[in-house]
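Please go over the structures that come below.
The following pair of complexes shares a single chain, subunit A, combined with subunit B in the former and subunit C in the latter.
Moving on to the complex of A and B:
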């Protein structure tokens, strides 16, 4: 068998330029495919991380009907007990109680529909990454009366700056329209321009006072030590407090769960397309090689090389050609991913476009070990497809006819 | 002692469309140690007969026996194995493996026969010395002349220790000096080692050296003559 490997390897290099070009195409194809797939994985992970850290957190607690109806009176019963319970759970890193309201933000220029988040400043800062995304001004502090944080997109739309007054209008607990004047203490810019236009943050006490005259909460968000703990913590809350409805981040946003779950599919799909295209190139090269060596193959069959060995020799040529190129491509991609996974791919020049879709500008590409294994399977499959037909063609050669070519 | 025997060997190509009678009831016997030429004009059936004797093609009717074994009844895979151990081939276009050196080309057939590396190396070197290529053992085909390549092909054919060697137009692509040199080598192998050679040729230089000449015409044996016995016996080479 070793001699077949030796012959096959030498046969590959009969035409160094032709085999070199094909091997180059396999290297570039594999490298490029893995890199793009890794970038896709990085984008998805970044999006999921962003949503968990900034918008959803690992889990939330609501009145059982709040998410469907969003009525102001659907507050969390016995919120203090739940907060105390969660703060005592070592799986929970931090909790942030919120008062929520749908309303309108008005400036002298225009109005815009917003969701108003009334938050406890310190607890919100510990639970989400909103503080890290402050672009201008300060967090919800004491510098202004009724401070409010607004997104950069909304600030642009309403033409407001730090210190300007903003009127927020919303329903109170009796479904009456009420309003309050707030002062812009800070402007944040998240990864999503849409989020920045539709969300404002005020102090919970300020908002509660306007809605009902007392502090109450519609939502408790929690940050856990690990997202793997989410199912357990949420199940425990639901069991212990039957009057509320707790949900994990993937229950709150199922589409993100599916995107995260199927991120590997992108890798396989991309690699399958690239390898199938390359398989046709390999097939073409091997067929050319067989037609060129017809007389030689006829001679080998004539002198007594059996058909299985001829078949194996041609199969080995295709497989060695493909595997050498793919292996080099995979190694190159591992090195590239190692480099870019640490430094990230900066797409700053497309920041506006990326923000439209809710993506940050820096992405850290990665491909999991499982995905690499899947890629190897795809490479083997493509190599076999490319190898079988030329090998069968050689297997079926008539030595007399072949020797005449 | 006869090594090859054919009985009413016939071959018809395209039997159902435009039948071409390539061989018609050919019955011949070839003895061990013969130096035989099968001659005739193009289309006379000499290459077809050679293919039948080598088990490369199946007759439409008739039988071919090698050492008493009817090869026309063998399966394709059995025939390949039979050829490996019993028949040596020399082709008009040399048909060496270009990625192999002369030594590797000669050794390869012994590798297929699963001989040990030591035996392969010794025999390949000995044969290459005998065909006068002792100093070209590591040369690849493209580094050798046509005559040298054909001598490697002869060494390759001999490497498997076959019962006979079939050579299809072995001198057709060689200049006079190379052709004569090759014929000298083959004649010497025949005379000294008793190797049986059967040529298909229309090269007069080969015909002049042969001790038996079978002339084919329209797929049938036209004449079968023994000559040059004296020349062979005295070791003279026709020039």
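Moving on to the complex of A and C:
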């Protein structure tokens, strides 16, 4: 057996160019497969993270009917103790209580329907990424009376600038129409122009004073130390406070699940295609190599090496090539992922339009340990299957004819 | 030149086995590249199709003021003459769907809620999005029979069921009061829960009467026979109606910019995957071509020894690989076309979480493929170019070949 090993090993290096190209194909296949998986993960996580950090946060608490009816009187009962409970939970990083209202934003030019979010400036800043998306001006501060943050899209539509006055009109707690004058302290721009047109942010004290004359909340958004904990924290809130309805980010927006699962499936199919390309490349190269070596193999058979040994020799060659190629491919992809996972890949390179939409164009690929081993196993499997056919060909050689070639 | 072509053509059939392996490498490369693109494009088309059918349609004709201020005051007059003009503007128009879409207060005996009110023609609407299949109870109305169909969840919010009477209250054209009583003839489960919460359908005729908008619609949806022609069809309609007329013609990217964003985003990722696929393919091809070159060293050495010029030999070998690439690409086209036709007719059905989530969203859980012709020729050209670049290798090798060593191998 050990002599077979030696022969195979030497055979590999007798043709450095051919073995090199085979190994190259395996290296590139492993590297490509891992990179595609990492890329898919990065894209999905980026999308989910984006929605969590700007729009949804990890979980939200409401009056049980608020999300369907959005009536001003559907406030969170006993919000103070829920806030105190959440702030005491070590899985919770920050909470942001909000007063909400559906209303109209009016400028001298035109009127637009908006959702008004009354927020606590420091707490909102700690909970969502809104602050990072400020394009112009400042956060809700003390510089103006009744400060408001509006989206870039709405500012364009209403033709308003920083410092301008904006009238917000909405229903008070008795369903009477009321209005207040606000001053634009900042303009934000998120990835969604639609979101930017339909959402404005004011201080919750200012808004609740106009709605009811006292502070109350319709929504508590929370940011957790990790999104995996959302289910646990939300279940605990629902159990402890039966009068409210708490939901995780994926309950709040089932579309996220849909997008993630769908992209995941698509990535899986693309991976399969890349693996097939790899297997076929290896198969063809191996097959060519065997035909090229007909004479040699025929000679080996003629001088008395038995068929099983020839078969084993070729399989051993393939095995050794595959393992060293896969190993090098893993090293290469670890290095690539390590580099890209840190720096990210700027997708602006591939699609000019993305930056204009306000998307974060940098994606950070990553691969879980399970995916990593899965891909390596697929590569090795593909390479071996590709090696079996040529080995069988060699097994069936007619020594007399083969040595004539 | 003809001689070289003949030589190259005969050469490739001198060793059929080798040639077939090389051709199959190229064929398979085309097959995989086309499949990747087709899957990507197909899933996007599927998404657009679903979204457009349940929301805005592919093309809408509206009053030019309606987009800025969606009020019934900016409804557009619609009659058979206009329908004829629009239909006649492009022969790729399949059918038209007139709608009145507005908000109204919907009141049951003791609960009043704001809702989306759609005045529709149920038959035509059904042709667009199969709306009648979502009916869970009762039936759809006939034109003008003063009944309505509402979302299941909306009915729950109003605490009503089939047979109950609802009062619709709203504002008609130019400040006219709109109020009417309608019996519930059916309950529908709209796939998008947000809409199910607040949707009510009445017949277009009833809506026009209720809102004092006789002969008017707020939007006219135009469905092209082939979805991908939406842009050209919209342009034909614009030309027919006049660019600066009182009509605006909007297409789905203008009406649903978010969707376009999501797709652009996905496409950027798709480019990276395709790039990696090309690298893997190039390596596979290179492996075959390189092995072929190594195998023929002796032959090359002999030919050069007997006096064939290096440039001539390199030219012949290049022609051989050119033929191989060409044949491979053509075979790849035929094969991928057959494969994709099969998957187009029998799409892969998804299962598990992806399928569950899609069903919840009202989409058919399949992985569709696209048969758009540009997919085929763009991938054929790219793979052909990759193959040609790789084919330069044996030619270069011949230029630099050491005759004595080569003849000995």
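By our rule, the second predicted complex is superposed on the first by the 280 of 405 C-alpha atoms of A that agree within 3 Å, B and C clash if a C-alpha of one lies under 4 Å from a C-alpha of the other, contacts with A are read in each partner's own complex, and residues count from 1 in each chain.
Note that a contact is a pair of C-beta atoms (placed from the backbone, for glycine too) under 8 Å apart; a residue touches a chain by one contact, two chains touch by 3 or more.
Note that the coordinates shown come from a computational prediction; the quantities given were computed from them, not determined experimentally.
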item: Which of subunit B and subunit C A:238 touches, first, second, both or neither; value: neither
item: Touched partner set for A:11, first subunit B, second subunit C, both or neither; value: first
item: Of subunit B and subunit C, the chain that contacts the larger number of subunit A residues; value: C
item: Which superposed partner A:299 touches (first subunit B, second subunit C, both, neither); value: first
item: First (subunit B), second (subunit C), both or neither touched by A:345; value: second
item: First (subunit B), second (subunit C), both or neither touched by A:273; value: second
item: Which of subunit B and subunit C A:289 touches, first, second, both or neither; value: second
item: First (subunit B), second (subunit C), both or neither touched by A:257; value: second
item: First, second, both or neither for A:400, with subunit B first and subunit C second; value: first
item: Contact footprint of subunit A on subunit C as seen in their complex; value: 17-18, 21-22, 24-25, 28-29, 32, 35-36, 39-40, 43, 113, 153, 157, 197, 257-258, 261-262, 264-269, 271-273, 276-277, 279-281, 283-288, 290-292, 294-295, 348, 350, 352-354, 356-358, 360-361, 367
item: Footprint of subunit C on subunit A - complex, ascending; value: 15, 17-18, 21-22, 24-25, 28-29, 32, 35-36, 39-40, 43, 47, 68-69, 191-194, 254-255, 257-259, 261-267, 269-270, 273-274, 276-278, 280-282, 284-285, 287-289, 291-292, 345, 347, 350-351, 353-354, 357, 359, 361, 363
item: In the complex, subunit B residues that touch subunit A; value: 51, 54, 56-57, 76-77, 80-81, 83-85, 88-89, 91, 93, 95, 97-100, 109, 111-113, 156-157, 160
item: Contacting residues of subunit A [partner subunit B, same complex]; value: 3, 7, 10-11, 13-14, 295-296, 298-307, 309, 399-400, 403
